[in-house]
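When the chains are written out, they are named A, B, C and D in that same order, and each has its own residue count from 1.
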Amino acid sequence: MNAAPKNRAKWRNHLHAVIFEAETPAGKWFDILLIAAILASVLAVMLDSVSSINIRYGAVLTVVEWFFTIVFTIEYILRLICVDRPLLYSTSFFGIVDIMAIIPTYLSLLIPGSEYLIVVRILRILRIFRVLKLVQYMSEALLLMKALRASSRKITVFLFTVFTLVIILGSLMYLIEGAQNGFTSIPRSVYWAVVTLTTVGYGDISPQTNIGQILAAFIMVLGYSIIAVPTGIVTVELSQVSRKKATRSCTDCSAEGHDSDALFCKYCGAKL
Amino acid sequence: MNAAPKNRAKWRNHLHAVIFEAETPAGKWFDILLIAAILASVLAVMLDSVSSINIRYGAVLTVVEWFFTIVFTIEYILRLICVDRPLLYSTSFFGIVDIMAIIPTYLSLLIPGSEYLIVVRILRILRIFRVLKLVQYMSEALLLMKALRASSRKITVFLFTVFTLVIILGSLMYLIEGAQNGFTSIPRSVYWAVVTLTTVGYGDISPQTNIGQILAAFIMVLGYSIIAVPTGIVTVELSQVSRKKATRSCTDCSAEGHDSDALFCKYCGAKL
Amino acid sequence: MNAAPKNRAKWRNHLHAVIFEAETPAGKWFDILLIAAILASVLAVMLDSVSSINIRYGAVLTVVEWFFTIVFTIEYILRLICVDRPLLYSTSFFGIVDIMAIIPTYLSLLIPGSEYLIVVRILRILRIFRVLKLVQYMSEALLLMKALRASSRKITVFLFTVFTLVIILGSLMYLIEGAQNGFTSIPRSVYWAVVTLTTVGYGDISPQTNIGQILAAFIMVLGYSIIAVPTGIVTVELSQVSRKKATRSCTDCSAEGHDSDALFCKYCGAKL
Amino acid sequence: MNAAPKNRAKWRNHLHAVIFEAETPAGKWFDILLIAAILASVLAVMLDSVSSINIRYGAVLTVVEWFFTIVFTIEYILRLICVDRPLLYSTSFFGIVDIMAIIPTYLSLLIPGSEYLIVVRILRILRIFRVLKLVQYMSEALLLMKALRASSRKITVFLFTVFTLVIILGSLMYLIEGAQNGFTSIPRSVYWAVVTLTTVGYGDISPQTNIGQILAAFIMVLGYSIIAVPTGIVTVELSQVSRKKATRSCTDCSAEGHDSDALFCKYCGAKL
């Protein structure tokens, strides 16, 4: 009577190893196939949106789409079965991405067009880091995340300043140029200010009056200069994070700042 | 006879706590309501400028605008009443912003269109930092300001160089391309040079001749490269400012700004 | 009987010195002529593509092209002859560039238009560094390469994030704007997202709806901010690489890479 | 007999003090008037190029132009008279700028249109740094120059790489897109590649085919990423230059890295 649950546990453990881990050959193959399926399905959706392809191969691509959606649905159910706490998994980052990757196709039965939303499936590809055993990459990504989080307050202050700037400069431009030059409303002028300050410069709206062009030139030089601010912030944080990573302290003289490959303290010569 | 002034002082102190501080629940609520009012009034002005919305809801939005202007006027008067030195307040940064946030609406009775200027009201939102007790954010903002002020001389030299460059390059381009290719005057060509050097690139004016395109390519690569200069300046200053922040003060002469590896005070020579 | 091979060896050594080295006057002149020939031939191809020039001087330029191709073919054969291991050379970077620099002209007999591919010839100009004895430049280039290689993992993570972002944001934009506003398919919308995120901003496609413009503004500010990430990465790596370059080597174990303030070797503990 | 030369020397010395120095009140006033004259004359030329202004005030502006040119000519002659070695002065940077600032007006008698070249006069305004006693600014400018010169080799390697890249990528794009999509010749395609790589993005030429858009997206991401290289280079050099500036060494323990305002060695406490 005890054997059945044990067998079931074994079966679940095996499934867990295949689906969630990449240590066994089966697990590795599963992950590679999964990534191929994700890429293929995203590509199918992207091609389906091209009208010339849609006319010719629309039916085939719809079948492909449904095939992958059903495959991913089965996979999602298997994932829920073989984890110990399905609820915890389904509310985790990957759990949410997994469900979001299948919902749009079903939703498209009710709301036509929503099937294109399944491109969020591309987020599942982040698993690629695990498959390829890219531990080094993961640690680099974590380093970047750490630096960005450390600088998030400064970045917030910066973005807040940019937000205030574009509203004031956009409104000023609306008063100067007016509707006849394409600045038809304040929101549209603010949009123009964002386009200009970030040095994107579509050119769909551009100042025509002399004062407008002077103000525009000012905004451009401003945008060109203040890009230095986020860059400076991230650079300083990154340099601090990567310096900290490398730092060990000497047990003898408690000096810090030794390189990660140092064997002896560079200040007192004691063994580290 | 003494009670009345005392009462009045009490009433003023209470008002001051509500309007200027965010320690009491009443003060916190006042600030939150104020920010909501600022955002709502700015949004109303922005929407009012969209012609399709203006036609339908123009009357409502004008009422909203006047409502907020009267509220802010009353608030401004109350601020003047409850501070000890009204003149000092009215000439401070926030005092000027406060008066500028209400004047445009009254001015619009005389000069139509000037009501859009009340978007400067958005500057009042800087109070948000105080409300949310964002002391940390304030210190980060101060750090950024400090780094920018420290690098202001280098930035000035840089901007002066850019200013000289765009005048010379713009005039050169005017001679090369001429009016038939859109470079109708030197000021317009200088404007084009700013658009190109800052890598904005609207495309409303673009060189057509071969020599013009070669010069334009040169300006682009120049602009692409010299953006490194303000970035480098701000990064270096930011790294110095944030290094200094982390340092210790001397117990003897209480001087600050010692490096993290200093053993002795650099001003009085005392052991740290 | 032994003299002939010896003579031939001498002749080959001499040829090798002229073609591959720049120590002798002959070798120097050979390299200078070679670079002039490369530049002239690339210029000829570029001019040949301009239709107005092609009509007038097409015949002359074709002759020039064939002349240089034959010269470079002879040169390539000579190079193969005078190196000891021709196969090794022909599969090296410069060997591949050399053969790619002559193939397109011959190929143009079969496939018209492919002659323009010979602009890859410009890669041969990298030899310029050797000619001008730009050892210093080579070491600087190596330093840059080292910094880029050291930061390649972080850059990969960054590019991967950008890749995921543009697919999701492009698809979202396709749903919001739709074909009537120029976003005719997801691939085209993804292309637009790249144009916007990198702050290039052609303006051939630009959002027309309000929600589309808000999302576009968000993408711009995002692109404007995250450019700080690769910049920060490269700056930190470059500063580490150039700091290491400046350091001293241990007299005991001859290990390198000690910090400028180190008193003891970090590998063997000996006094520096 | 000796008095006359002495008197003449006195007169020359006085003139020299007024024209070349800014220590005396007369010298200061001379410099301020000069800068005002430079700005006024440049503004006159710029306005003269605007056709609507030219029609109305053309005659006046021509008079203004000639007035300033004659004033500057007299000034130039006076400069030559009062310096000890006129030839040395006339071949110095400011000497060349001074002569270039007057030639175009005279030249315009022979070649109409060349009068616009006198905008190079704006370079004379660099004297502003001396007038305003901006010694601090000068030292900052020198610091920037030093950092740029230190990084000039790396920047050269970078620009050389960019140069090679745009030629190859531009030619490739010419083959892919062809004349019917605006890529009419290789030089024009190379110009497009520069516009795209530097993230300027005019949009006057933009890829239409799928492969072309994929390659364009690649170029954009490349340009977006490699901007990190010059930025990194300049930042590292600037940080080294500004660190060196601040460094003094202790006479007691010969430790380095003291701040410029330090009075005592931070490592041994000895007086600096």
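Quick note on the criterion: a residue touches a chain if its C-beta (ideal position, glycine included) is under 8 Å from a C-beta of that chain, and two chains touch if they have at least 3 such contacts.
Model, not experiment: these values are computed from the prediction.
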Partner chains that chain B and chain D have in common: A, C
Classification of the chain C:chain D interface as same or different, half of numbers criterion: different
Chain pair among B-D, A-D or B-C whose interface repeats that of A-C, sharing over half of the contact pairs by residue number: B-D
Centre-of-Cα separation between chain D and chain C, whole angstrom: 30
Euclidean distance of C-alpha centroids - chain A vs chain D, Å: 41
Interchain centroid distance [CA atoms averaged], chain B/chain C, Å: 42
Residues within chain B bordering two or more other chains: 158, 187-188, 190, 199-203, 223, 227, 231, 233, 235, 239
Chain B partner contacts - residues on chain C that touch it in the complex: 199-203, 231, 235
Residues of chain D that touch chain C when the two form their complex: 153-154, 156-158, 164, 167-168, 171, 174-175, 179, 184-188, 190, 196, 199-203, 206, 210, 213-214, 216-217, 220-221, 223-225, 227-229, 231-233, 235-236, 239-240, 257
Contacting residues of chain B [partner chain A, same complex]: 42, 45-47, 49-51, 113, 116-117, 119-120, 122-123, 125-126, 136-137, 140-141, 143-144, 147-148, 155, 158-159, 162, 187-188, 190-191, 194-195, 197-204, 223, 227, 230-231, 233-235, 237-239, 242
